[in-house]
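Chain lettering (A, B, C and D) follows the sequence in which the chains are written, and residue indices restart at 1 in each chain.
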Amino acid sequence: MSEKRKIAVVITARPSYSRVKTAIQAIKEHPKLELQLIIAASALLDRYGSAVNYIENDGFEIVAKVFNVLEGENLTAAAKTTGIGILELSTVFDNLKPDIVVTVADRFETMATAIAASYMNIPLAHIQGGEVTGNIDEKVRHAITKLADYHFVASDSALERVIKLGEETEFVFNTGCPSIDLAKEVEKASLDFNPYEKYGGVGAQPNLESGYLVVMQHPVTNEYQNSRKHIEETLHAIEELKIPTLWFWPNVDAGADGTSTGIRAFREKNKLEHVHFFKNMKGDDFLKLLNNSKCLIGNSSVGIRECAYLGVPVVNIGSRQNKRDRGFNVIDVNYNKEDIKEAIQKHLDTGKAQISEIYGGGNAGENIANLLVTLPLKFHKTITY
Amino acid sequence: MSEKRKIAVVITARPSYSRVKTAIQAIKEHPKLELQLIIAASALLDRYGSAVNYIENDGFEIVAKVFNVLEGENLTAAAKTTGIGILELSTVFDNLKPDIVVTVADRFETMATAIAASYMNIPLAHIQGGEVTGNIDEKVRHAITKLADYHFVASDSALERVIKLGEETEFVFNTGCPSIDLAKEVEKASLDFNPYEKYGGVGAQPNLESGYLVVMQHPVTNEYQNSRKHIEETLHAIEELKIPTLWFWPNVDAGADGTSTGIRAFREKNKLEHVHFFKNMKGDDFLKLLNNSKCLIGNSSVGIRECAYLGVPVVNIGSRQNKRDRGFNVIDVNYNKEDIKEAIQKHLDTGKAQISEIYGGGNAGENIANLLVTLPLKFHKTITY
Amino acid sequence: MSEKRKIAVVITARPSYSRVKTAIQAIKEHPKLELQLIIAASALLDRYGSAVNYIENDGFEIVAKVFNVLEGENLTAAAKTTGIGILELSTVFDNLKPDIVVTVADRFETMATAIAASYMNIPLAHIQGGEVTGNIDEKVRHAITKLADYHFVASDSALERVIKLGEETEFVFNTGCPSIDLAKEVEKASLDFNPYEKYGGVGAQPNLESGYLVVMQHPVTNEYQNSRKHIEETLHAIEELKIPTLWFWPNVDAGADGTSTGIRAFREKNKLEHVHFFKNMKGDDFLKLLNNSKCLIGNSSVGIRECAYLGVPVVNIGSRQNKRDRGFNVIDVNYNKEDIKEAIQKHLDTGKAQISEIYGGGNAGENIANLLVTLPLKFHKTITY
Amino acid sequence: MSEKRKIAVVITARPSYSRVKTAIQAIKEHPKLELQLIIAASALLDRYGSAVNYIENDGFEIVAKVFNVLEGENLTAAAKTTGIGILELSTVFDNLKPDIVVTVADRFETMATAIAASYMNIPLAHIQGGEVTGNIDEKVRHAITKLADYHFVASDSALERVIKLGEETEFVFNTGCPSIDLAKEVEKASLDFNPYEKYGGVGAQPNLESGYLVVMQHPVTNEYQNSRKHIEETLHAIEELKIPTLWFWPNVDAGADGTSTGIRAFREKNKLEHVHFFKNMKGDDFLKLLNNSKCLIGNSSVGIRECAYLGVPVVNIGSRQNKRDRGFNVIDVNYNKEDIKEAIQKHLDTGKAQISEIYGGGNAGENIANLLVTLPLKFHKTITY
């Protein structure tokens, strides 16, 4: 039979998009696959950067939008957002009747995708299982592994870990991370656009020619009561360094408001004449920006993955990326102004790091699409031991 | 400090109650613990046997009832029931502020308990993880293990499996299964009540004095489209044997209606003059009934666990109990009238089986309560490898 | 512009279907309209007669199914069913982008349709507003009138009432009731099918040739704790009369289980050798059955409307149809065995009643479709006084 | 019996609080009443001014918090917020078992309170029905009237209107508006605090001694796509007038982000050296601020009610307060910079307006509490015509 397999991919947040962009591109282009792209949760919301706009601008057709973010400055809202997500996504899957559902990484609300699909006996593929971070994300990530039927992991250590979790070897694949595919595209690119003109944003517009820093720091679920204090250490460090800095707003999470509020309050009181703030940026532009920066500061996984491949120096703050495999580019520090400043200075002294392919060599999207064509459809499994 | 730890236990179905009854009894009686008993899902519903009535009659105070069963003869309803459960239970936990939440076994809707608690940073204890069955329950069971902070398992093989799943040894305990505690209480009891008088039910009232069979067969999630066909094999087998039989209606599940409808249709067309149907029975009476029966037929886990301890012969049909550890009392057969008849006959010929303590020796409830007092409160964990 | 107007019609229960069947037929056939048929709530459920099957067999294409019935033997479940309905229907409307949404009558869950549409600024048409019954349905009915933009009522007194409620005269229309259109089709038809063969059901199969009764009695929301007692009066009356009787199971409502349980329990204990029970029947067959019956007993609105047009004698029990306009065919009685028997006997003595066009003359469906083509699209209104 | 009546009051937004503050105070203090205060929706959220904090600071105990705001820049989110509200509030009512539920005014999410209570057969009291505004709020307001059992209205014309809607005269009362009670308390008060010091906020800190303006403009549901354009007219008018101005952020609504975004964007580009922005203010301080201001500009109902009693001049912009009864203090204008400027100037020339008691004389709270003690409990009603 020549009918195409229908592959539903659910994207729930801005950072997840770059985690799957080349995969959905490859699915879209594959003659034996039909892409059903679903955008949900904070990926739809203006105040978290409207990932949906970038996705549409990249030429992807969206078949369903699922609004499920329940407002509230607490963890209860995260639980309820997941509950609403299950209600909504099961309706969507009922209508679309996908052959396989793909869920990405480990944000709390991705559990809604995993539960809706697995409970409805739809084969579930999980991208980026098997990693270790040590926070609530980890509970979510490994629980999704136990609900998923196929595992497309991003490193050898992740592959090994998923197999140890009792998954059958023949359904676990180190495809590399699709985000590295994007990094590969820009590895030689210069900063060929004016970020202020193209992306607006607020704050000062420091001259970037003699080098600049990039900051991206998210609240950490387990520590959300300290979000404000944590961000203030970074804010003070950056203020004191007086180096041109491009700062990105955090994405949603319980406690997002602690981080956002901290930044907003700091801006009202301090000049920050060398700092510009962005809400969002197209993925490729962001990577160009990073690739040409002196250093990335914060706790984004971009620093661990893409920057490993690109050799961009990274100051990784706090516990959020704990235990993820590092390339050669990362200095880890605590929530402490002085430590942050010192680590940045060290990177500035040594410059670009050695390149690492620990998270893939740039063809993950294609690998994933090819697997989705050939894998046997199944939603029944048993632990291997 | 002398304040009691608040232990919220969520019971979502009739069979789960006997899985935790001695544990909640021990929690209730422990001077350092305060029981917060929450009844949800099918445990509240008349057409699944109103477990809630038995629970109240046993003297337990219920602090919250959560109606979350969404009607629908399909798997989508199971997913949505779970989503609604998360919405409701997170409100309940927000109000009760338990120190630890306890979730039982692996029914699909127990995932709601696990997600609400873990997302709200409430330490989560899981009873009966680590077992193997090979159906959707297994996805649920192991996913809950990855969300849970403490593991109270029921056998040595389960203990070993949970540890292999990457859980820290110091938080995994073979407490035995609380259902064995109940079995222990009746191990010498005769059938000291008239089941027809005490429990009503419908159908014939065969004389039980020269021996009787018990049937309890639930629909299987992965196979729900065949529920009706499967139950018909058993119905034909029982009809042809002409032995006095006590039959229990299935509890809710996607496909429950296939099984129930099958039984109802069969009854309209056939006499079944030696079969009586019950909706439910108090746990201890049910165990006495089993303990004095010639054989249990169906796919209930009671056959695997309690009957192992009691030595009651069991004909286990189909895949539902696949791979659970067996005592000495089980013959496994397919959905096939002839196989079922033959296995029953074999049991009738040999009589009671040898007793096995594979699922515990009768003090699980107490073990669990004691652990809940002493375990350090924590909701943060990381995989061990 | 020649583009068709998209008309979304939401059907939530078996009885609502006959209330709109000719309207959706006329919408479907109209060259300037596109029908978007949505089936929800108990209309999807087997144990309430699976209206959905009849609808599909009648050749209608269903564009969305919405499972939103929350199980529970209480009024809380009715409220929650409505809340879930809003969640689900707003997703459906978001996808379908109807130009007008049509909601039918006054069942509690129709409020979900009304709220989703009106909150989303979609013009809302309401069929069968303005009637008086005196129970919770009335709160719902008049509240929906205040949310609706167009009113298609079924009688002159209803028209007057909707205008008194402050609605603009130009948007209130006495179209007649679409159910009368169906009655018109069968007004000369004989009973040209064998109901036992065609519809199965359970119980005795009395000979219908020398006349029969029909019973259809639903639980009443405000009185749901007495549902069982109420139905028992009717059961005793019917049993004692010993006249061949065709009995229809009630549709869902808080308390449905009281009524259903009452019937089931009565059947187990009593012979009822002249009573047959049906779950459901195609609308036209049901009308033929009524048209050839001696008397309809219960509290169905069919007795008030269709039977007014057909002149079928009706014994209307209790408060459910309180204050609805009567034709010449109704005797009202209380929940009282003797009163019920006496009223039936009186009808048997006098035979068919005079025909009344109080609820329309048989072209309501067409009237409604024509209005949906020409009415100006608007969702903004203000009270007229 | 001497047991107290339990009165559940649900507050869903900042402005609703001042609408009921004296009523809940009077309920709390009444020896025959027990207050059950429930805070929900945007009243809980930081970015809409955290009404909850003011409520707690005023000494009220909150028995339940209900997070039900679904994020999304569209009307679908408003519908879903209402659906979630029903799910949550029905659980809350189930637990609290109030004798009467009180709902306030006409915000979209108050429908959730009305549906949960009326569907659960809990007597429902509605404060501030019967008014006319001509937008979606009006649909909501009158629909709630049809669900409510008791009506506490704020003016004679509202009383007349509710009776015309078919409500029984004996259950409709012109109690006056509780917000006037608060106005009465400050009618002679000077501005005895420094708003910048006490409430922070952002922007310039103009000298208020020689007079100042106050602005409060909310998005309008029916026009939400124009929210940004509308607010910009007001922003330009205020900028050009160069009079000291205190500006309050809008509360949540579909389209809130249009208004908020408009203000934020304007601030980034323009100096606004005479404008200060507040998020929120304690009700009595706000009234003092108004009472001592030259003019209130925007579309808040405070301008129509409290300011009528206080004689504060008001420029009312656009359709939001359409058709509400006016005192002597209001000039109505369109969304037009020049009209707004001209109306402000006219008010500045003539000064304070004549006082009007059209919305009550200052004892509404007490009136309401007294009625809640004596009204017969009932949830059954029928239309009067």
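Everything that follows uses one rule, which is that a residue touches a chain if its C-beta (ideal position, glycine included) is under 8 Å from a C-beta of that chain, and two chains touch if they have at least 3 such contacts.
Because the structure is predicted, anything quoted here is derived from the model rather than measured.
Visitor: Listed by label, which chains are in contact with subunit A and with subunit B?
Guide: C, D
Visitor: Specify the chain most distant from subunit B by Cα centroid.
Guide: Checked the centroid distances; the maximum from subunit B is D.
Visitor: How many angstrom lie between the CA centroids of subunit B and subunit C, rounded to a whole number?
Guide: Inter-chain centre distance comes to 41 Å.
Visitor: Between subunit A and subunit C, what distance separates the C-alpha centroids? Give it in angstrom.
Guide: Measuring from centre to centre gives 52 Å for this pair.
Visitor: Where in subunit D do residues touch two or more other chains at once?
Guide: Where subunit D meets two or more other chains at a single residue, that happens at 76, 80, 84, 87, 91, 94.
Visitor: Drawing the touching chains as a network, do you get a line, a ring, a star, a complete graph or other?
Guide: Basically all the chains touch each other, so complete.
Visitor: Under the definition above, what is the set of subunit A residues touching subunit C in their complex?
Guide: 64-66, 84, 87-88, 91-92, 94-95
Visitor: Considering only the defined contacts, which subunit C positions touch subunit D in the complex?
Guide: Of all residues in subunit C, those touching subunit D are 75-76, 78-80, 82-87, 90-91, 93-94, 108, 111-112, 115-116, 118-121, 132-136, 138-140, 142-147, 161, 164-166, 222, 322-323, 379-383, 385.
Visitor: How about subunit B: which of its residues touch subunit C in the complex?
Guide: Interface residues on the subunit B side: 44-47, 67-74, 76-77, 80, 84, 202, 257, 261, 268.
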